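Shared between the two complexes below is chain A, which pairs with chain B and chain C, respectively.
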Partner chain A sequence: MTRVEADRRTFMKSAAMAAASAAVVRDRTFALQVLDDAPAEQSGVRWAKAPCRFCGTGCHVQVGVENGRVVAIAGDQAADVNKGLLCVKGYHVGLALYGEDRLTRPLLRSGDRFVPITWDQAIDVIADRVGMAPERFAIYGSGQWTIPEGYAAQKLMKGGLGNNHIDPNARLCMASAVTGFIATYGVDEPAGCYQDLDECDVLIMWGNNPAEMHPVLFSRVIDRRSQGEEVLLIDISTRRTRTTEHCQEYLEMKPHGDVAIALGICQQLIERGEYDESFVGRHCSFRAPQAENPTLLGEPITFDEFKSRIAKYTPEHVSELAGIPADSVRRLASLFADRSLRITSLWCMGMNQHTMGTAINTLVHGVHLLSGHFGRPGDAPTSLTGQPSACGTVREVGTLAHALPGGRVVANAEHRRQCEEIWGLPEGRINPKPGFHTVSMWEQFCTPASAGGEIDTIWVQVTNPGQTLPNLPKLFDAKKGLEEKFLIVSEVYPTATTQLADLILPSAMWVEKNGVFGNSERRTQQWFKMVDPPGDARDDCWQTIAVAHRLMERGHEGMRDANGRFLFRVEDDAGQEVPIWEWDHYYDVNVDRALFEEYRAFTRLKHKNLAPYDEYVRSRGMRWPVVEQPEGVWRETRFRFAGFDDPFVPEGEDFDFYHSTTGDGRAQIWFHEYTPPPEVPDDDYPFWLSTGRVLEHWHTGTMTRRIPQLSRAMPSAYVEMHRADAEALDIHDGETIAIESRRGRLELPVWIGGRGMPPMGTIFVPFFDESKLVNLVTLDAHDPFSKQPDFKKCAARVVKMGG
Partner chain B sequence: MPISSLVITLTDDQALADSACESLGARPEIELGRHVANRLAAVVDSADSEADRETWQWINALPGVAHVDVVFVHFDDPPREESPELHAEHRAGGVAP
Partner chain C sequence: MNEPADGISRRDLLRGRLFPAKPAELTPPTQNDSPAPENVIRYPTSRPDLERAAPAVTPFRRTIPVLRPPGAVDEPTFLRDCTRCDACVEACPHDAIVHAPERFREAAGTPMIDAMRSPCRMCEDFPCIDACEPGVLTDLVPPVMGTAQIKHQLCIAHQGGFCSACWERCPVEGAIGVEQGKPEIVESACTGCGVCQHVCPAPTNAVVLMPALSRPPSPTGSTEDPE
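For the complex of A and B:
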C-alpha cells in the first residue's frame, strides 16, 4: 500500500468513526460533505444525497462517487427518516448497480435465444405491437417506478392511448391499505408519520415484522427502550419472527384471526362503555358493506346497529376464531380504553395480502377511531409500504387500472374532464371504463385470444411478475406457446420475467438516472443522476417517451394534445421544444423537473399538495400536503386532519376529515362480518402455507442476490416448519422436501428452529429465490374491493422425498 | 478492503453489555468509539468483503448486542464475483453474438 493510499484509508476510517460517533450522540449537524473539503490525495470522493433504493421506509443515504462509480454509502445524518442509520440492505445499496450480468443491450427473442438489436429497432417493435391493437396493449409497472416514470406511463396509456390497462405490482402489496384508507377517510395514505414511533407508549404490530422488513424504523423504537423509556411492544402474528424477540407480548393468531381480534376489541369497548363517545359523536359515522354489490362507500348504519352486529364478537367467540386467549382480547381493549396512553398500530403485508384485506384495514382504523386513539403524535393507525415509491408513484400518481393522478378515477366524468384539462387533451380522450387489475390483466394475457383473452402485449417496467404473481402456472407460465402474445420487459438484470420475454430493454437504475420517490409517511424525495448506466442501458422514462414519439411519427393522434403538440413536449428556457425522445438530448433538460411540475397541478385536487421540484432538491424530502406560507416558505404536514398541524383543517377545529365519503367531515367506522379464509387445510393439504421476505434480500432478490455479501448470508429459499411437524413426518433439518398445493409443487430444504418459528401446522417460505418459486403453489384468490391476492395463507402438504 | 462504521445498541442487561464491549474491543479489526447510554460507535476495517460480512454477523449474534445499525461503508474492493447459482439458466440460454 502506498503512502497516499494509506493516508486515504486513514482518512476514510476517521470519517467513518466521525459518522458513527455523531450518530451515537445524535449530532444532527454532522454531514459527510466534510469529505469534500478534504485534500484531494485523501478523498477523491464526491457526495450527493438520494433515498435508498429498497424498501418503503425512505432512508436517506449519501452516495460517494469516484471515477464514475459508486464507492461509498453513508446514512444521512441530516435526514429525519433515518437520522444517519441504515440497515444491512441500505449498507449494500451501492453494490446493487454492479452485478456482472447487468443488461446492456436491447434483446429480441429469436426462437430460444435473444438477438441484440438497436434501440431504434426496439422502439419500432413496441410501436408495431401497440399499433396493431392499442386496446389489447397493457403496461405493468411498479412501486419502484420513480414518480416521473409512473406519471409518463400513466399519461401515455390514459391520456394518449385512451387505454386504462395499466396496473402496478403494488396491487400485490398495498392495494388493501389504499381501499382501507379510502373507505375510512375518503382519501388514501396515513394521517400520521414516523414521529408516531417516537412518541407512542404502545406499539401494536398486526402481522408485521419490522425488525426484518423496516429495520431502521424498528430501531427507533428499540433505541427508545434502550434509553429507559417505557414502550410496550405487542406482536400479533401467525408465526414468531425477529420482531417477536423484542416484544413484551406475543399473540399467536390463526390465519384471518386479525379480523376477529379487531371486532373483539370494538365489542369490548362498547360493552364496557369505554369507547370515546365524544370523539365518535363529533367526528365519526358508522358503515357496513351493502348486502349486494358492496362498494367502498357502503351503506350507513346507526351506532345501535353497529353495537348489535358486533355483539356476538365476545372475547370467547374471538378466542375460538382467532386462537388467542379471551383475556388477551380484554387486555387489548383495556389498552385502547386508556386515553392516557398513545397507541400506534403498524401493519404491512400481513393485513394487506388478505382476502379480507379491505375489511381488516378498515377495522383497525375503526378500533383507533372508536377509542379516540387518533391524531395525537403517537396515536395512529399506520400502514407501511414495501417499495420505495408505492405511495409516491402508485397511490399518488394513480398508476392503477381505475385511477388517474391526484386521487381521480376514470369512472367519474368530472374527474376525467379535470385530467383532460390539465393534460390539454380533447374532451372525451380518457376512457371511462376501468382497465384490468393485476390478476385479471395477467389472466387475460395468459388466455389465448381465441378463448377470449383480451390482452396480447404487456410491457413490464421495474418489476418481476414472473416471480411475484400468485399461482404462476396460471398467471405467468401459461404464456408459453401462445404465439400471439408478446412480453416486453424493461429490466436491469435477467430475471424470472425476462425468461419469457420477447423483447428485453436494458434500463438505468437508481442513481444512474434522476428520480423522485414518495415513501410510507407521505415524504417526497428527489435525487440527481450521479453515474452513467452500463452499456446502452437507458432510463425507463425515456423509453416511454420514445415510444410515444414513435407512435406520433406514425400518425397516432392520441400522442398529440388538443393543440396538436407532442404529449410529452418539453421546452428549453427559450421556449424551444427539446427532442427528449432522442437519447442524446434526453439530459439536455431536466425531464423529471418538467414532468413533476406538470404533475403538481393534480396534487392540489385532493389536498396532497406538493412543493415545486427545486424545494425537494434542497431538502431531505417533505411530507405532503406541502403548503406555501405567506413568507414564501414551503411547510410540510406531519399529522393530517388534526387542527394543530394540518393547514386544511379550519381554524378552531380540532379535527376535520375533509374528504369524508359522507361529505360531513366525519370518518367512517366500519363493520365487516368475519369470514373464513377461502382455502383452509384439510386431510389432503393439512398445512397452512405463508410466504414473505427476509432481512438480507429485497423482494425477488434480483438486486440483493447479486451482492455477494448478502447472497452468502442468505443463499437460497427454505421452508420453516415446526420441529414436532418435522418429527412426525421423519424430516430432518436441512433435508430437501416437496411442498405441494392444488396449484403446483416446489422442492426446497427444511429449516427447523431457524429465524422464524411457525407454530405446528404452519409452514413459511420466503419468495426472494427465483430458483425456488413459492408462487408456483400460492393461491390467486383476492380481496373483493382491492383485488389484492392473499399470499399469506393457503393449504399445502409437505412430502418427504425419496420416501 | 471495506471500511464500515456501525452504531451498536447494547442490551439493558449491564453485565451482558459489558461483556459485549469487552469482546468487541478484543477484535483487532474493530475500533470502538464513543459510548453514550446503550449506543456504541464502532469502525470495522476488514481485509475483504467476506471478512466484513462475517464480522457484521458476529456482532449481530454477540450476547449483549440488541441491534446493529450501519452508518457508513466504503467499498474498496468492487465486486468481481457473482453467486454461482444465480441465473445459470439465463447464461445457458445465452445471447446470440
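For the complex of A and C:
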C-alpha cells in the first residue's frame, strides 16, 4: 500500500468512528464533561480543534494529523454548536486539502498559457499594478476570509491606499440581512442564537432549506422531535425540498410572496387587536422608506399610518399576491398572536437574494416585534449565513465598500477619525466616498477604460466570482480581450475565475494556516495551523502584507502610519519588529494574534466586544459581546438586547435596543409596499428559474467536487422541473435539455421528482457545477439598499434538444 | 475504500444473497454445524481468519461470488460458457462491466461489476444481455445481481444527519424504502446493481453489496453441471 493510500485509510477509519458516535448529544452536562477531550490517540495521530471550513453553521471538528498530513476528521463533542455531529460535507472536510490539482506555484499569464514565476516576482507584479493607478485597483474577497485576512485587506485598502474599492462575495449572500438588521435595530447580526432552535415551539422557515444547507442545525430541531417534544415546523417556500418532508405545514408561495405574507400577518395582528401593545409601546417605533431617495433610516410614521397603509393586505389580497390560501395567513397570524408560544423564524438566501431583500428582512423582524415574539429563548427572527465567516469577517471587520471595522462607515467623518486614530494614521487618510459594490465593481472592470470603466485591476481572494456572479456574460466573461484589465486570483485550485486570471497566487487553506472565523450566531472561533501548505502555497494574509511592504519599499507613503512605521508592524516580545513580509519569518510570531488584538479595539465601538485571542484558543468559540467579569472571567452573550442576558442593557430594563437608529432605545417596525419581481415569466420565457445549493456541495464545489465521496453522491448539476411541465414538453427524466433566458443559455439533464420538487411553471438549478454555469442565465437585478442580486427568480424557457 | 472488508462483520460476509428461485439441489451440504453455506467464503478479499474457519482441505468446491452483469446464468455454467469475448464490456454504455481481477482465481478475466468504480444502471434494454453471444447473460434470467444492505451505524441518515443520496438515485422502484428520512433496502426488490454503494457519501461506505450466492441455471437446457 502506498503512503497516500495508508493515510486515506487511516483518515476514513477515524472518520468512521466519528460517524458511529454521531448522535446529537443534547445533555449540556455531558458536553461540559468532555470539554477538552480529543478522540483517543491512535497510532501517532495528533488531534486539534478547528471550525469546519464549509458553511456558516460553525461546527467544530477535531482534526487528526500524522506525518504532516490531515488524516482524520471527527465531530467535536465539546462544541456547543454541533455536539459531535457533522454533516456529510463536514466528515470529509480534511480531503478538501488534497485534491490532485492544488495550485503550488505563482503563475503569470503569457498568451494562452501560464508561466511559473517566483513569489518575489509575483509581489512585484501586484505592486506594479497598484502603483500604476492605486485608485483603479480593487480587492474582491469573501466570507471565507479569516478575520485577520479580511482585516489586513481592509487596512491595506482603506487605511493604506485610501481606496474603498473592496467588497466581498458576501454581497451576493447576506447583504440584505445586514441592511435588514441595521434598518431595524441600528446594528447588524442576529439578536438570538442557536439555542432558539432548542427552545422554540414553532419554527418558520422563510424560503429556507436547512435540511440541506444547515443540516446540523436542522438536526438539533428534528432530534427534539425524536425525543418526543412537540415542535411545529412550517415551510414557506417556492418549491418542495428535503426540509419540507419534515414540516407539518407547507405553504407554497409565488416568488415575492413572502413580502405579502409578512404584511398580511401584521395586518391581521392589528385588525384583530392581537399585537403586543405593551412591547410595541415601550420598545418599538414605526418606519417607512422615504418616497424619494429612500435610505435605511427611512422616515417615521405613526402607528395609525402604519395601520392604514397595511390595511389593504387582507388575507384575501395576500392570497392573491402570494398564492397561499387566505386562511393560512390567518393561521400564521394566530400563531404570532399566541404569546404562550415561542416562535423562531429562520431564513437565508431565500429572503436575502431578493430584489426586495431589505424590505422582507425588515418585515419579518417587524412581525416578531409587533407580536412581541422577541428576546425570549426560542422567540427570535434569525438569519443564517452560508459562509464560515460571513459574520466574523465581512460583517464585523466590515470588508464592504462602504464600511470600516467595528460597524463604522466611511461616509461618516467621526467614524473615519476613530479608525484613523486606532490605526495611527494621519488625519484624512481614509476616503469618505464609498467604493464600488460587487455588481458595479465587476461592471467597471468589464467595461473598457475608454468606455468609462473605472477599475483596471481586481485582486480576488478566497472566492470564485467566475462562477457566482450573476449574469456572467456581462459581469465576468466580458473581461476577456480587454488589454488594460488585469485579474489577480489567490486560489487553491483552478476555478472558473482562474480561467481569466492574469496572475494566479497559490494559497494556503484552512488548517494549513492560522485562522479565526465568526459564525451565524456571533460565535468567534479560532484554530492553529496544523500542516504545511503544498509547494509554494502561502497564506492570503501574508500575500496582502507582502504587497503592502513592497509598496512601502517603493516609497508609497500610505503604507506607513503617522509615525512613519509600517502599516502592519508586528513586534516580538522584546519590542523588535519581526519582518513578517518575508515568508521565512511570517510564522516567527503569531500574526493572527497580533492583528486580532489590534482589531479588538474596533469591536468595542459598537458593543460587539471580543475577548483576547487567547480566550478563543481555549474555547470552542464565544458569542459576542464577550465582556470581562469582575473575577476575570470572559462571559459571552446569547441573547442581545434582552435584559436577562445582554450586559449592555441597563440594570432593571427588560429590553434596550441600544443602537436604535432613532437614539431612543427602540427598534423599528417597517412598512414596505409589495412590489412585483423585476422580471416575471411571459410568453417568451414562461418559467420561473430559481438557483441554490445542494447538501453534498459547498458553494461552487471547488472543494467538495474534489472529494470523491461527495462527487460520486452528486456528480453534476441538473434542472428540477414538475412532472406535468415535462410531460407537456415531451421531456423525460434524465434527458438533456437547454434552459434559456434573456442573458444566456445552458444545457443540463432534467431530474423529475428528485431532490426538490418545484411547482408547475418553476425550474430549479443548483450552482455548484463549474461545467454547467447557471449564472450564465441569471439576472443581475439587485436590492436598492443592499445591492444584493436576486439569484432566486428570473424568467427562463425550457428547450427540448434534438427535436 | 473500494472494499467494504473493513466495515463488515463475518456474518455479513457469509449472509449473502440467495436467489429467490433457488433450485433445491443447490442447498449446500452442512458439516460440523457450520452456519455457512460452503460455496461462499471469499468475497471480497481473503482474510486469514476465514482461511482458518474454512480449512483448505474442505472437500467442497468453493466458488468466489462475483457481482455478475444482469441476467447471468448460474456460476458454473457462466464460467464454462463465457468466452471472455468482451462484447458485454463494450456494450455497456456506463463502462460498468470490467474484467474480474486475479484474486477471483478461476473467474479472473470474466465480466463483473465493480460498483464503487461504476455500478450497473439497470438499463431498460440491457445492451449487455443483447450483446452476449454465448447466452450466459440472458433475459430469461431475472436481472438480479445480488443485494445491498445498509449498515445503520455507518449511515449518515440513520445517525441523526440528513442524506438522501442512495434512495434518490436507486434505479429500481421500490428497492429502497424510506421512513422518516432513513433508508432501508427492500430485499425483494433490490437487484444488487450497486448504485447505492457507489453514491453513498458516508465517511465509511454504509452500503454492503452482496453478490448473488446462486443464480438459476440457464433455461435453454445447457445446464449440465460442469462438476
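Simple rule for what comes next: the second predicted complex is superposed on the first by the 761 of 803 C-alpha atoms of A that agree within 3 Å, B and C clash if a C-alpha of one lies under 4 Å from a C-alpha of the other, contacts with A are read in each partner's own complex, and residues count from 1 in each chain.
Just so we're on the same page, a contact is a pair of C-beta atoms (placed from the backbone, for glycine too) under 8 Å apart; a residue touches a chain by one contact, two chains touch by 3 or more.
A quick note: this is a predicted structure, and the numbers were derived from the prediction, not measured.
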Partner chain(s) touched by A:Val88 [first = chain B, second = chain C, both, neither]: both
First, second, both or neither for A:Ala50, with chain B first and chain C second: neither
First (chain B), second (chain C), both or neither touched by A:Leu369: neither
Contacts of A:Arg242 with chain B and chain C, given as first, second, both or neither: second
Which superposed partner A:Gly64 touches (first chain B, second chain C, both, neither): first
First, second, both or neither for A:Phe114, with chain B first and chain C second: first
Chain B versus chain C as contact partner of A:Arg712, first or second or both or neither: both
Contacts of A:Glu696 with chain B and chain C, given as first, second, both or neither: second
Chain B versus chain C as contact partner of A:Met351, first or second or both or neither: neither
Chain B or chain C, by number of chain A residues touched: B
Residues of chain A at both interfaces, chain B in one complex, chain C in the other: 9, 12-13, 15-16, 19-20, 23-24, 73, 85-88, 91-92, 215-216, 219, 223, 246, 709, 712-713
Chain A-facing residues of chain C, complex: 1, 6-7, 153-154, 156, 159-165, 168, 181, 198-204
Interfacial residue positions of chain A with respect to chain B in the complex: 9, 12-13, 15-17, 19-21, 23-25, 32, 64, 69-75, 84-88, 90-92, 94-95, 98-101, 105, 107, 110, 112-116, 215-216, 219, 222-223, 225-227, 246, 493-494, 498-499, 705-709, 711-713, 715-716, 771
Residues of chain A defined as touching chain C within the complex: 8-9, 12-13, 15-16, 18-20, 22-24, 73, 85-88, 91-92, 211-212, 215-216, 218-219, 223, 242, 245-246, 695-696, 709-710, 712-714, 754-755
Residues on chain B engaged by chain A in the complex (per definition of touch): 1, 3-7, 9-12, 31, 33-43, 45, 49-50, 52-53, 56-57, 66-67, 69-76, 78-83, 85-87, 89-91, 93-96
